[in-house]
Each structure stands twice: as C-alpha cells, then as structure tokens.
Amino acid sequence: MTTTPYLSVNNVEVIYDHVILVLKGVSLQVPQGKIVALLGANGAGKSTTLKTISTLLRGERGDVTKGEVQFKGERIDHLTPNELVKRGLSQVMEGRHCFGHLTIEENLLTGAYTRTDSRAELKQSLEKVYHYFPRLKERRSSQAGYTSGGEQQMCAIGRALMAKPSMILLDEPSMGIAPQIVEEIFGIVKDLNSKENVSFLLAEQNTSIALRYADFGYILENGRVVMEGAAADLSCNEDVKEFYLGVSGAGRKSFRDMKFYRRRKRWLA
Amino acid sequence: MLYREAGQFKTSYQADGQIFPILQDRLALLALLVIAIVVVPLVASPYALSAILIPFLIFSLAALGLNILTGYAGQLSLGTAAFMAVGAFASYNFILRIPGLPVLLAFVLGGLSAALVGIAFGLPSLRIRGFYLAAATLATQFFVVWCLTKIPYLTNYSSSGVITAQPIVILGYAFDTPDRKYLLVLAVVAVMALLAKNMIRSNVGRSWMAVRDMDVAAEVIGFRLMRTKLLAFAVSSFYCGVAGALYAYAYLGTVEPEAYNLDLSFRILFMIIIGGVGSVLGSFLGAAFIVLLPVLLNVVAHSLALPTSVASNLELMVFGALIIFFLIVEPHGLARLWQIGKEKLRLWPFPH
Amino acid sequence: QPAEQYIALPSYRVGPYAAGGSGFYGGIIDYFNLVNLSGGVNGVKISWEECETEYNPSRGVECYERLKTKNGGATLVEPLSTGVAYGILDRLAVDKIPMTMIGYGRSDAANGKVFPYVFPLITSYWNQAAAMIKYLGDKEGGIDKLKGKKIVHLYHDSAFGKEPLPVLEALSKQHGFELIKIPVTPPGSEQQSQWLQIRQARPDHVILWGWGSMNAVAIKTAQRNGFPREKILGVWWAGSEEDTVPTGDAAKGYSAMTFNTPGNYPVMDEIRKKLYADGKGNLADASRIGSVYHMRGVSAGILWVEAIRAAQEKFGKGKRITGEQMRWGLENLNVDEARLKAVGAFGMLPSVKTSCDDHEGSGAVKVQQWDGKKWNAITPNWIVGDKALTRKLLEESSAAYAAEKKITPACMK
Amino acid sequence: MTEEAHMQMNEPDAHFVTTKREIGPVILDLKNISLSFGGVKALTDISFDVRQHEIRAIIGPNGAGKSSMLNVINGVYRPQQGQIVYRGEVRKNMDCYAAAKSGIARTFQNIALFKGMTVLDNIMTGRNLKMKSNFLMQALYWGPARREEIAHRIKAEEIIDFLEIQAIRKTPVGRLPYGLQKRVELGRALAAEPEILLLDEPMAGMNVEEKQDMCRFILDVNDQFGTTIVLIEHDMGVVMDISDRVVVLDYGKKIGDGTPDEVRSNQNVINAYLGVGC
Amino acid sequence: MNLNFFFEVLIGGLLSGVMYALVAIGFVLIYKASGVFNFAQGAMVYFAALTCVGVMDKLGVSLWIALPITVAVMILLGLSIERVVLRPLVNQPEITLFMATIGLAFFIEGLAQLVFGAQVRKLELPIEDVPSQYLMDNYNILVSQFDIMAALVCGLLVTSLALLFSKTKVGRALRAVADDHQAALAVGIPLQRIWAVLWAVAGLVALVAGMLWGARNGVQFALTFVALKALPVLILGGFTSMPGAIVGGLIIGASEKLAEVYIGPMVGGGIEGWFPYVLALLFLLVRPEGLFGEKIIRRI
C-alpha cells in the first residue's frame, strides 16, 4: 500500500479467557479516506479484530497479548473507547446492542455524547440520520427494545453516525436488513466516504456488495489473514468467487441445487 | 502433559455422559472419597471435624440447594435460611411427635416440608424476576422466622422459642461424637450431591438452565415455566431443608429461630457467587471460602499479635478485599478458575 | 515454666454488637491483667485467648472448638451471646468445660442438676423480671398498688425478648396488673408504630427489653412521641452508656436494671493506675473505663478468679486446675461482702453464693438512672424479686429439658 | 482418501428414508389476523395459508411484521383479531407450550439459545417434550431414565452429524461465532421433530458458502422429514430459489402472495421491498 | 376507631417512609445508572455518619467543619470504588457486580470501625427531634419537626436527581449505561468518569441519609441495617425510579405502621419485619417492575 495508513493493526494476537487463542497475528491497514472490507467465514475473527481496534475487548475478557494498533500515527491500544470516539473512531457493534429502554431518538442522541456542538447542530445530524433511515423517524419515540430487528440495526448505525467520526468500524451492517436498505446503507457509506472523507473498515458477510463498494479487502480465516488485495482483484479471484460470492464457472448457482459434496475450502486456512 | 484425555476414547454415549469423563478425574475423586471417609476421621482432630468439616459440609449442601435454584434455574433468592429453618424445625417436630420415627426419615420429612414452603413462596417467581424476586424472597425469610417465633406449637411451647435437637440415633447406633457426626453428614452430602449432579445432567437440569438462560425461548421449546420453576424451588428448598436440619442436629444442637436469620441467607448466597453460580463444585469451593477464610484470617491476625479490635476489623477488610480480588480475577467464581486451570493443564506445556 | 490457668474468650469486636463486646471483654482482660500483675492466683497466672465470633453462632462454635484445646485445654468459656451459648451448650459436658452466661441465656440453666456445666451467674432473666416488678411495685408504694395498673413489655422479638414472658405473665395474674406485650422486630431501627401504640395505651410503666441499637431508637422514639422517659425501665442490656449516649438528652430520666452499681471502686482505680497509666489497658478509648459494660466484664473476671481460688483451695493451692475442678469452683462459689471488699469491689456487684441447685447464686439487681451524662444508682439496696415463683418455673422448665434430652437430674461432685 | 470415500463418510443421513416431496393440503390457515401494540399496528387483517410439506417464505421490509407473524403462529403473541386454523382445528388461545406440543418449532431472529449450556445440551432441550421419565428417576439416573437419556442422545447426535457440528458438541454456545449459533438453533428446533418449522432469518450474518450449507439443511429437512417450513429471509436469492410460495408484508399489511415468480413481478412488492434491478 | 389516632399513625408512617426513601434513593441512583445493585449502600451510610462524628471527635471540631471534610472523604471513596472495584468489572454479569459490592460492604465496615472505633456515638443536628409545637397546638397532631425537615431534604434530593436523569445529557447516558455497558462504551460514553462521579454522588446521598438516620438513632453499626428498610420501598417503587422511591417509601411506611398497629395485636405483633415485603410482593404480582420502574423488556 502506498498511502500512509490511517489505521494500522500490526501483528495482533488475541486470547479470550486466558486460554482461547483467536487472532494469531493479524495485520491490516486502512488508508485515509478509503473503504476496507474484512471478509471471512463465521468465527474467523472479524468481530474480534474490530473489538481489538476499538479496545472493547477488555469487557469480554479478551487480552491482546501481542502486537499493536495505531490510529493517525498514535498507539491506541491503551486508550479507552471514549478517548477513541473523541479522536474520531466509532464502532457499530455486531448484534445491534441498542439501549432497549431508551427511545430510538434517545439512542441516537447518546451517540452524540462526545460532541460539544450546539443543539442546532445536533438537530441537524439527527435530521440527517432520519433522512437516511425514514423508518427510524416513524419509530423515533418507541423504546428501542420494542422495535424490529432491522430497525434496531438501523438505529445502531445511525447512532454511530451521530458521533461524526472520521473513521467507522462497521460490523456486519447488512445483517437483518431488507435488500433495498442494504443498498442504501452502502450508499451512505460511499456518500460519507466521498463527501466527508470518512474511512471505513467493514466486516461483512455479504461479500458481493462489500467488494462492490470497498477499495481494498482482507480475507481472514481462523485468525489469520490469508489473502489481501484491491477489491476488484479479489472479486476476480476464482476461489473468492466460489466461496464468497457463490458464483462458479457457470455463473450463479441456485441455492436449491447445492449439493453438499461441494469442494471444501479447507486449503485456505 | 499429565492431565490429558488423549487416548481416552468414548465408545458409548453412556460413557460420554459420565460425570467425570476423564480417567484422571475419576481417580482423583476416588482418592478424595477414600481420604474423606477413611483418612480424615482417623487423623483429623475433633476440632477440625466438628468446627470446620461438619459446618463446611452442611454449608456446602445449603449452597448446593441455593445453587440449584439460583445458579441453575436462575431464580435469585435470599430466603435460604428460612428454608433451612423449616427443615430443622419440621424435623424436630416430626421426631418429637411421632415416637420411633427414624432420624433420617425425619430429615427427609423436614426437607419435604421445606419443599412445600418453597413451592408456596416460589409462586411469585412466575411473574417476578431478577433483583425484584430477590428482594421479594426476603418476605419468606422474615415471615418464616416470624412464624417460628410466634407459633409456640412449633417450638414445643418452649418459653423462649428455642429448640434442642434430639440425639441422632440410627438403627441403635448413636451419632454423638464428632467423627460419627462427620461421617453421617458426609454420607448425606455425598449422596445428595450425586443426586443433584444426576438431575443436572438430565432433562430436569436442562429445563432449569433453559429457563435461566432465556425463559421465553424455553417456553417456546416446550418447557412449562410454572412446573420448571416450582420444581426448582421445591428441590432447592428440600436441599436447604435437609441442610438446615443437619445444621441443628449435627452442628449447633440447641437453636433459636434467629440462628436462621438473614445473615445466614446472605452467607450462603456469597458462597455460590464466590464459588461459581451454576456449578456443583462451586458450591463446595464457595462454602470452603466463606467458612474457612475468616477462620484463617482470624488465626493469622492473632499470630500477628495485633490488638484484638484492630485484628477483627482488619479481618473484615481483608475478607471484603479478597472477595473483590477473586471476582476481578474470575467473575464466574472459583469453579471457573479451577476449570481454566484444568484447561491450561491440558495444554501444558504449551501456553495455548 | 509455671502452669497457667487458660480461659477461652470467643469475643466479638466488630459488627452490630461490637460496642458491647469490646467493653465487656475489655473489662475481663483488664481484670486478668491486674491479677497477673500481682502474681496471679496463688502464683498461677491467668492466660486467655480471644477469637472473633461476630456474634454469629456458627463462627462462635468454631471459635469454641478452636480455643478449647489450646494451652493444655480451656477451663472456662464465656461467649456473651445467646446464640453461641446455645450452639456450644451440648458440647460442654462432653468436653468438661464450664461456661458462664453472665446475665443472659436460658434462665432454667440455673438448675445445676440438669445443666452441670452451665452457670448463669449473678442473675438470670427470670429473676430480673421478678425484680423489675418488685421495683415497680415499690415505686407505686407497695406491690399491691400494682393492681389495675398497665405495664407495657416492649421487647426484642426473639428468644431473648420472650424469655421473661412466663414470669411477667405469672406476676400479672398474681398482682392484677395488665401486661401489654409489644414486640419489636430486630434489629428495631424503626419503632414509630410501637410507640404510638404505647402512647395510645397510656401505660403506667414501660419495660424496655431491648438489645443493641433497638434501645437508643426506643428512647429517641419515646421522646419524639412525647412519652416521659421516667416511665421507662430497661433491662440490663438496655442500660449502658452505649444505649443512652447516642440519644443525647432524650434519655435523661430513663432508668434501667443493672447488677453493677455505677460508681468508683478500688479495683477500678487500680485498673486505671496500674494498667491504663502504663498503656496496658485493653480498651481503645480510655473514657470507657468504668462504663457499664466494662464493669460488667470486671465483675465477671472477679467471679472467675474467685472460682479458681475456691477450686485451688480444694484441689491444691498454686496448681493449675482442670475444667472439672473449675466447675466445682463455680458451683461452690461464695463471694460474700468480705471477699468483695478484699478485691476492692464491694458494692459493685451483689454477693454471690452458688450451689448445685442454684448456679445463679444471687438474683439481686439494682436500678440506675441516666442523668444525661452518666448512670446513677437510684435504689440503695439490692432488689430481689419473687424467687419462689422463678424457682417453680425453673424446676418445670429444666425438667422438661431433661426429659427431652433424656438426662437424669443429679448433682455432680 | 478418495473423494468418494470421503463423501461416504460424510453421508450422515444414509439411514433416513428419502421420500418423494409433494405438497399436501393446507395445514395452517391464518385468517384475518390483526395485532397491535399500543398504537403500533404490527399486523392488520392478514390472511394466508401454509400447506403441508411446502416451504413458505415471508418477506417484507424491516418492521413489516414478519417476526410478529411467527410469534402469532406459535403463540408468543395473541392476536387481537383473527383465527388460526391448525390441522383443521380452530386454535383460539394457543400458548407457546401448546404450540410446541402440537409440533411447531422455531428459531429466532435474535438468537435465543441457552447461552450457558453446551451445544449438545441445547439440542437435547429440543427433545424435552419427548422425554417421559420423571425427575426422581432422573435424579437416580438409573434404569429407564438412563436408557431414555441415551436414546435421546442418539437422536441428538444424529442432528449434530446432520448439521456437521460434531467438533463443537461440548462447547458452551455463548462462545460460538454467530453463524454457528444459528446452526445450533436450527438443530435445537429440529430435535423436536416438528411438523412445522418456523425460521426467522436463519441466514442472517452468513456468507454465501454458509448460506448454501444452510439452504441445503433446510431443503433436506423438508425433503426427508417432510417438515413444513415457514421462513423469513431478506436474501432474495435464497427466498426465490428455495421457497414454494411467498407472502409479502409491508407495514403490517399483506401486499403480495404467490409463487416466487409471481411475487417477483408484482409491482407493489417491487415498490415496497425489492426495489428496481432485482 | 379513634380517628385522631389513626391519623397520627398514618402521618408517623408517612414520615418514616420518607426516611426509608432517603436510603432507597441511594440504591436507585446506582442501579438506574449502572445496573448495579449496590449492597454496600448501608455500609456507606454508616461510613458517612461515622466519619462525620469521628472527625468531630478526633479533631475536636464543630459539625460545620466536619461536614465538608466528610464530603471530601465520601467523594474520595466514590472515586476509589470506581477505580478499584468497578473499572475491572465492566460488562460482567449483574450478580458478579452485586457480589463485588458485598465485598465492598465488608471492607467499608471494617475500615470505618478500624479508624473511628466501634463505640456508639451521638450526632446532634441543629434541629431537635421533638414534636412540633405548632402542629400540636393548632391541629392536635403529633409530628416531629425533625421528620418534617427530613421530608424536605428528601423531596429536594429526589427532585434534583429526577431532573438530572430526565433532563440532561448525562442522565440519558446513565440510563444507556444501565442497559448495555459494552454499547455505552462503544458510543463513547466515558464510563469510568461517569461512574466515578456517580459513586461520589451516591456517597453524598449516603451522607445525607447517614446524618439524618444517625441523628435519629445514634451513629452505630446498626445504621447499615437501614438498607433493609429500603428494599421493600425499592421493589414497590421500582428500582429505576426516583419518584418511585418516594412514593414507595410513603406507601410502605404508612401501611406497615397501620398494619402493625391495627393487625399486629391480633397475630402476636412484630409483623413489621415481613409485612412491607409481602405488600410489595402483592404489588409486584400486578406490576412486576414496581410502580414506576422501567418495564423489563422480554422479547424474542
């Protein structure tokens, strides 16, 4: 990579509960103003990587035993999440994590906790989120705990946007979201990226769309980076095509025709 | 590399369903039992038997009872001592009023009485959850002790409400010395721990855990919440009741209802939290921690020749600090610490 | 190395009753130190060991078991806690260690035929209750004047508070006063409803049978409700500085029973001079010297030392006596006025003479009143209640216990 | 090992009888269901039916009321209006227990596994309705209780093999990654040997390969056990490929119902959900 | 029935209820803002009162000098609790945090008695605990003027804390924290700082409770038990509601006194120990989250 990395993860090793080794030396970079996708099967360690960066790992009894994380040229692995958010790094956690007893609007407003802007500016940001997700506006005064799964996911994304970050870690933003909205979410990502120069690191299972919008991609398997490259290159790679995009030589196969004796991708690990 | 299951293949689901699937564990348990049954009574001093081991075992049993309710079925309760009191006072009355009733049967009847009370006071748990339920179970605690002080019949009209446990005689054999009492308590606790473990590894146990982890989902899957919760209350109270009876008969001798006060309920709750919520082993470890640590601290403080009031207060502080320390090291209790230790041992000499 | 007379003290110095515990055990230890300074009992020094019970029966039993075998075996134990005392009651006869229950515990234990190793020394709850009624009668100008009067028994709702009920009920029938029983749920930090009930009932006297923080709350609540403190008479566990000081002026005029006459005595002076002046006193706060609990502890010490002395007279002077011999000493105690004078405690406690039938040995109490600063005795003489009545109750109750436990009542030698 | 041999070893369902899949009569009929929470109308006057052995998909934008619909079917929510006819009987007050008893099993959108238990235990809970021995016998773990436990364990192991999760059998589910948890949840539902299986976004958070696996499991269940399946899914590829009929909900109303092709070309559906270019 | 007496009991009960509410507020504060059930609240009440009188005693200063010192000590205590106990336990199960506060309670109790001794002390506030002459003369009703002041203080505390929670950004953040520690961290809420402040405030609330209860009952270990009186208030009013603490307190106080006076004598008395719990339990059967508590969200 030629540009100086905005965020860089260097050879990080993570152990849960003192015994479960999950990341085995992961390194990756996000250049400023770029969208980087982090792909990989279930349990590969994507979420763990993101939590390592945002230092949320501590609360889950995970330890970073090796390596370091740098953001804007500064080591951040010892900082608190609050300090990170203040420096412009926000995370959307996997599995929504809305504040159930707060209304949607209150949820969004807590997202702006670190901001010291005026009321008017907050209002503006709020309107922007509502503009992105009209559904949230409709449900603004419902308690988040009683909204549908997709609505909660939108709320979680909106909440992160409220902090006006310069870099966002997105963990499976498309999970449980209707296809139209998925496109919209990625549209928003592109929009923020190009208009406001926000950088993204996104862990995503919907590989085709992720690679469509990303500039660069990493593939994680079993806690190791097994492949990296420009998004366009990755989407042309035969293996990626077969295992992550679901298209093989003959084009997209129907899910009905899947046979379980497909070629396994054990070799990747 | 000593502690490994490598090479131990299970060829049947029965073998796989064993309580201790690993050979080393089974050997260790066997050794422990031999020590507990044969060696301890021979070498332990009456002090160790009657002041440490007997209360330790009795508290372990009570903690096990509470662990069934709180740790496995997820119903936080602060009424443990009340169930113990019911067990003790019921046993007392059964022996008193039914001449010739075998003592062990009286304990069982005492436990059953506690179970009935448990079911009655478990009814609110169908609607109330978490700390609300915990605070509500205090109603049990205060109400039961109040009844015991107010209903003279229950204490055989003793003017001050104190009962004196009858001597324990089983089949003409008197359990009157520390080592005999110890063996009796050990037998009861061992059998009941085994039964508890069996329940936990079969469907009842799973129903409790399911209700604990997510009661709505448990219902969708076909567990009946009412039955499951009430059964947990009943079994738990039964265990506590028997423990309470042993507390009166094998330990204190003469008791007033106040001996089963809120303080005792709390101590048993501490035991399961420190030991490990939802772990049979944890009940024992927690009981050991709460029973032994103050004694140990007391001994240490005395050997430092501090003024007694300073020593006593320091003890309290160190005790509190150690609780916090252990929780920070392992929030899921000593049993979890033990398990992690074993996992490390399994990987040893490799770190991961 | 000369033999030492070892005594087990399962004490409590933390928790809700720490104030009482530290004063009482402080007094005991001060007196032991004093005796040891002058060479012990005929050359036998007294040794002791404490163990923190936190007033908790379970820990108390552990303490007892731990302490009893140390230093060649304990020869006496005093837990100052009803719960702990009950917990070790059954073990005493087996271990052959006598236990004193100075001013608490089950009153029927005074029957040495059934409870050979238990000594509710000086006075038990039943005799105290009887003495209280006698005092109230005297105050009214004669016991017959109690007829038609109302007496409230405001009590700690536990074995302790219920203990005097048989006596009070019997006396109420006998003398024709109305007894209104009002329980307070322990720990008793809120008593508004009880005192409203009392005010409503307009009693002539209130007996305050409380323990721990309940007492101060009772006095404060009486004040809040405008009930005259002069009409309240406390049990001796409601008659210490710890009960009145925190109430400020509210306790002025309040009186309570005691078996230690407040005042100054040679023995207390010696403790001050020989121990505290040298920094060897046991109380952390020297202003508590001579406080009610402290004196109670010193009194206990005096009686024990006299028991040791008596036992040595019989079993060998200057020798360490065993637990059984100690039991004999306690059972054949005769601390008369002369003896009390000799130890510098004349007037501080009643004279005590025990026997196999009477492990209590006295039953005499005084009444003291709080003047806002300190306690003052207000009865010049020791009061003794209807002992015939308490004797009768005692015989019945201990007989029932003996039957239940299958004990054949008999005197030990 | 040759590829064939490997296949054979992996063939977990050799002992399942493969039946010819044919759609049967209506097994579940929902008539004019309406459900609201305070002011929020989650479902308004919805009617549709489910036929035996078919795979019936429910799709719709977020908050359309899909999950609520499943909750109505298995008795978690009680609709304010409407009728549920199940196997020809009108069910008025169906609670979850009755639903489970009558052969309805399900998975949840927000995984509802029992976090503190192992994978095996979670799957065993699925079999609870089939267990007969009482708790005293279980406490003794002796005789019939033990035999029963082992018999059910065999069934559970079959499911574990079927879902290819042998390796994590004894792992507490809380530690598993999201995708595997979904799989375990499916296993738990399957363990009940249900007549109708309700799946709420079983493939959320999975990549294509894993979705393919999941589809295969669902199709196999449907094929081999003849289980009727009601499925909510946002991946249109999956829905269009594997379902027989599709219901489309929007804002609590039904806006389309039919075969995948019919739905795909329904203008309302395109506007509300699919968007252009699908 | 004597109506005047009835009102006296009622009013006495209501005012006792205010005293319970005073302790309950401390619990609500911590629970609402971090989801921690703070078992050490009672110990903090004792610690605060004892520190105040202890400082007066040992340094021989007046109440007005001891008070600011105590305030400083309580703030320090709050900060250290956050640093030593809570920070390492972020995102742990509720029950673990609960247990940690139990450990804390032991520690604080030991510390307080170690530093200031175990003896019972008196605490005199400028306002005396005697019946208000004015009310006595004009309405023939017996109410202690001390209680009236306590009620005022309590009302003031509740109002200001309720406003804090409902109207400010920090209040919103605190409620968020109670829902989900991890997510709160992720949106950048400075959990550590907020908790530190919160526990310091809880320390001050404990101080207020300690001063009032201490003046009423004497400063002694039994002050730690007043927490028990607050529990039924909490479950009745709801763990998460400031106004609930007051309303719950009033209901519990009044009904327990009425029950003790009118039902007690029929069943042997002493029912105050369990009556409030049974009453609260009955309320809970109707509303499992208490009168004003936030609904427990159970959804799948």
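By letter and in written order, the chains are A, B, C, D and E; residue numbering begins at 1 in each of them.
Following the convention adopted for this analysis, a contact is a pair of C-beta atoms (placed from the backbone, for glycine too) under 8 Å apart; a residue touches a chain by one contact, two chains touch by 3 or more.
Note that this is a predicted model, so its numbers are computed, not measured.
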item	value
Common touching chains of subunit C and subunit A	B, E
Contact-richer chain pair (by C-beta pairs counted) among B-C and A-B	B-C
Chain nearest the global centroid, as defined over all protein CA atoms shown	B
Distance from subunit D to subunit A - Cα centre to Cα centre, in angstrom	28
For subunit B paired with subunit E, centre-to-centre distance based on mean C-alpha positions, whole Å	32
Approximate Å spacing (C-alpha centroids) for the pair subunit C, subunit D	73
Averaged-CA centre spacing for the pair subunit E and subunit A, given as whole angstrom	43
For subunit A, residues that touch 2 or more chains besides their own	20, 146
Shared interface positions of subunit C, touching two or more other chains	13-14, 18, 22, 157, 185-186, 284
Multi-partner residues of subunit D (at least 2 other chains)	76, 108-110, 112
Listing of all chain pairs that touch each other, if any do	A-B, A-D, A-E, B-C, B-D, B-E, C-E, D-E
Partner subunit E, residues of subunit C touching it in the complex	13-19, 22, 157, 181-187, 189-190, 192-194, 196-197, 200, 212-213, 216-217, 220, 223-226, 242-243, 245-248, 250, 284-285, 288
Touch list for subunit D against partner subunit A, complex	3, 7, 10, 37, 40, 60-64, 67, 109-110, 175-180, 201, 204-213, 215-216, 219, 234-238, 241-242, 273-275, 278
Of all residues in subunit B, those that touch subunit C in their complex	45-47, 50-52, 55, 96, 142, 146, 149, 156, 158-162, 164, 166-167, 251-259, 263-264, 294-295, 298, 302, 307-309, 311-313, 315-316
Residues of subunit E defined as touching subunit B within the complex	31, 37, 84-85, 88-89, 92-96, 98-100, 102-111, 113-114, 117-118, 228, 231-232, 234-235, 239, 267-268, 270-271, 273-274, 277-278, 280-281, 284-285, 288-290, 296, 298-300
Partner subunit C, residues of subunit E touching it in the complex	2, 5, 8-9, 12-13, 15-16, 19, 109-110, 113, 117-124, 129-131, 142, 144, 146-147, 213, 216-226, 229, 256-257, 260-261, 264-265, 268-273
